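Take a look at the structure set out below.
The chains carry the letters A, B, C and D, assigned in the order they are written, with residues numbered from 1 in each.
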């Protein structure tokens, strides 16, 4: 810890800081400069309550030296983690495109979806049975039977399924239906009780970034899951909120190399929710792969115009097919397969 | 609904829009301008899936004419709603200051807190028994026994208590302990399952604004609670996230008059979480009252430097006392009491 | 300066840092912790190129200990600066409301404006002769003759005038016409050549905050003016850009107490550009005064609906009159006059 | 224009709107719905002052149907514009990488830079003679002689030069020294007088996006240049400001396909200023090319650690060489050359 005092900090205030540091079990080196006094405090920063130091009169700033995340940090785990999802490997050299509709609607719709996803060469199926909707009057998802439908239609194609968990009380149904990958949505990135619960399972978790979550907060949310024992965590960048109104979110492509540096866990990108329009998906998908993403989460619907939810952002089976062709070449350009 | 077509939209595309509108039960008036065709569609907009219209080729923009929120809207409910919290009235001419520590720690700490809050002239006690913390390694709150402690210390002062609910599974404990006001925190503003559950009770709810939630999203979250039958909703502005790093959040004082115009429900402000520093609390509190807030949610700790959580943003009992004096005059300046 | 090294920084990398520090004339203390090495470097930080340190391999972060602004900083100048604008004092106990139309249109419009502003009890007149407009096809201001008109109509009321300078080439005309206060607009907050030029005069300058400028950047822009010799600088908060679309900007009321702490110079607020709607002006004005602002910059037009520019945000003479009455009481509540 | 009235708008208020529309020369169709009255107003929207309509009592929202930009819009100019910069074509199938140091320092430094840039296969040289710096105490650029140095070192390699113009008074020197491409920096994107001046020349202009400029504002700034007669405009995305503090800006990769749809003009990307760190440049550059950028603006310095400015974001000649190899394959993957 480094503590920078205000220009007029008194000796008593400096002593109050060093006393507090001792209480936390940290050493201290006081360096009195011409303008300011700076206190260096080597030792285990996780034992320190930063706010308690900041509350002391005369303290201007308190700076952590180490990162607050541990299990998910690359610092303590050099090599890339590859997550095995019933035989499909995410985080290795092969890039995985997870595709499917925004929401599970009917069995025929899901059968058509699964067939199209598999035909395009994708290896995992997505779909929402429980839907987080801004309005209480919008379609809220078909519920548990959606999980059953997904498993049923994915089976013939041997595809693991990915679906969103919104409520701790649904976790049992997810386990009974053998959901292969649990998605934690943007609005729940800091729903800490939900994170703790999925941390107690061993099911792989896709952790979407909060609408305006910093990289550090996102890593800390993953640490919540990891701290419970579940290290099968996949980060999913889906755009951040800004002042721009032309598109729904700004896809934060810089987050990809930054996360790959900070954590050993896989990083995927959702180009559909990022842009919010089907026509933006190809360009954003290529950019994500070129920047180093380990996978994509793409919305595809057998008949986009008839989709019950987010119809304007789903691509068609033909468009998915074409996209997979483009991504194959983009992946090869950086020495990866798809 | 108003649909603006792209400059080169074809007749077939225009027909696809009018067909879709008829499907949703809306009328249509097609107006062909020199540059663009605009389609007006009077009728019940809540029956329409906006995205399904946007997905049609040739559509540039789809604009709602009415607001998507109903129960909470002032449009349908002219006069201010005053919420009666066990005798304390919020939303009327009298401004309510709800004060207390960030987290419930010990019985003596809570007794001292309750006494100080009452002595300063406040009528409600706040405190957190369950704490949402960014790090899994930080203190997570004392849990259910914190609720009991709060009720116990508030009783002699006849003060209702306000505390945060983070997980649907805790709701029973909140009801058993007769929590007077449930707080829904920033990170849960769009935890829709939690909103639905508190919507089924009749306990007053303080709904904090999400970190980067728009006014419209915030109103829609309140509509979730209201749609369940619970109309005792209090909005709490607590600052929004921006690029500025000097302070934790930017208190959005404009939200106060805007909400007072859009909704009939009370609006309060949390100056402590907004600024993140105790020394900012007086200025922000005065600004909130001057702008028309119906109340404040202020962090006070008997010994701020010893607080187990957010020590640097809690004011002391003396500071609360002084603040109440200042706010009394500010309130009088706009014809209100405190 | 404090330099935090990466966990695996080598001795050579540490030496490269200490060598560079010596080059800049700074001392160094290397502290090797279990996880990281931290280098403290007391001395004059203004001699150091921070980026050059950050460019050295093995460096994770470089942290300044002192502030980069000097002349404008309260650290070196304890008491509040009061600026005398031809007899009107800004920055003292009396709050100044500067009012007038968005743009100078005609002599009768300006005469009516000046009369209304004076009648309401304001002591300074604002108006734009040169207008920064988003579109090249919008009205761009009446130009130099607008300056003459302003002086002419302000004279009978003995009011100093405030008007915006957009281009260094107009500065001579501003001086010839004896403009009393030069306004530097939001879009020019970091037009460094313009700042340098006004820094060479002694005319008081209102420096508006950039659309998404941090407090620190804003103070540094003021330092540009001050470094040229002109210390008559007034900060003007006018809202920052965020994700919210209901209002034009979010008025950053927290910036008021923060600036009053960081600088000895006066701070005023523009509630008209912040909210962007006339009906928001009273609430925002009261909040600004309650938070400690030294003045306001308010748009008033004799007939708002006929204004040539920003018609929807100008208040009427009657509304200004009413507002001044409200602000008088708000100011008294915090021991100030208006 | 479409005008949406408030729910309780009176007939008089509706008439005030239709009268105003007639004044502006627009037709009107009043449609009275159950909840609201909507007024459609076909005709030339550029004749209308939107704010004057919004100022009328009873008006809730005024919506433009057409875009405010004309010359730069793809709507009126279908095919891609290719700009010929002394023989180097920007905007066609070949992607252009413009490289060079942040600032011009010395002749040997510039000779080494030009040689390295040419050797890597780039066809244009960048460098700053005048530097916009946040602090008045930082190095401000070598000035006019920097322009001469650039021309001198670029000549043997037959490379056009790109350099930033900050002040209208420097334009003559830029023309005398035959600067090939004028760069308008982020902080000057809305310095309208500067835009007007470069609009009067025919020198190609790189227009960088403002720190928090919307796509629409950016297009309008280009329209300022175009309205003066200079249609040789190149958009340069360089990251936008957000809440994230890990990196300097968030590169807005979505802006690339969006601009390519809205305008016929070329779009390039500055990965160096976007991320702010040399190690981020390769991933961001690949992403930009994959998303459809027509070029890149990359900081390279012969000895990055010795750079006088932004040392931590410059890549070395070896890194530029490697990057060009990677980009060649990425470009080929989407059918382009480099």
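To be clear about the criterion, contacts are C-beta pairs under 8 Å (C-beta built on N, C-alpha and C of every residue); 3 or more make two chains touch, one makes a residue touch a chain.
A quick note: this is a predicted structure, and the numbers were derived from the prediction, not measured.
Since chain A and chain D share one sequence, what rotation angle in degrees maps the C-alpha trace of one onto the other, as a multiple of 5?
Result for this pair is 180 degrees.
Go through B-C and A-C and name the pair with more C-beta contacts between its chains.
Most contacts of the two pairs: B-C.
For chain B and chain C, what's the span in angstrom between their mean Cα positions?
31
Could you work out how far the Cα centre of chain C sits from that of chain D, in whole Å?
It comes to 26 Å between the two C-alpha centres.
If you average the Cα atoms of chain A and of chain C to get two centres, how far apart are those centres in Å?
39
Would you mind listing the residues of chain B that make contact with two or more other chains?
212, 241-243, 245
Taking the complex as given, what residues does chain B use to touch chain C?
My answer: residues 212, 214-216, 239-240, 242-247, 250-254, 256-258, 261, 274-275, 279-280, 283-284, 286-292, 326, 329-330, 332-334.
Tell me, which parts of chain A touch chain B in their complex?
Per the stated touch rule, the residues are 46, 49, 51-52, 54-56, 68, 132-137, 166-169, 187-188, 190-193, 196, 210-212, 217, 220, 223-224, 227, 241, 278, 304-314.
Quick check: in the complex, which residue numbers of chain D touch chain B?
Touching chain B: residues 2, 4, 7, 29, 31, 33-36, 38, 40, 42-43, 63, 65-66, 75, 212, 241-243, 245 of chain D.
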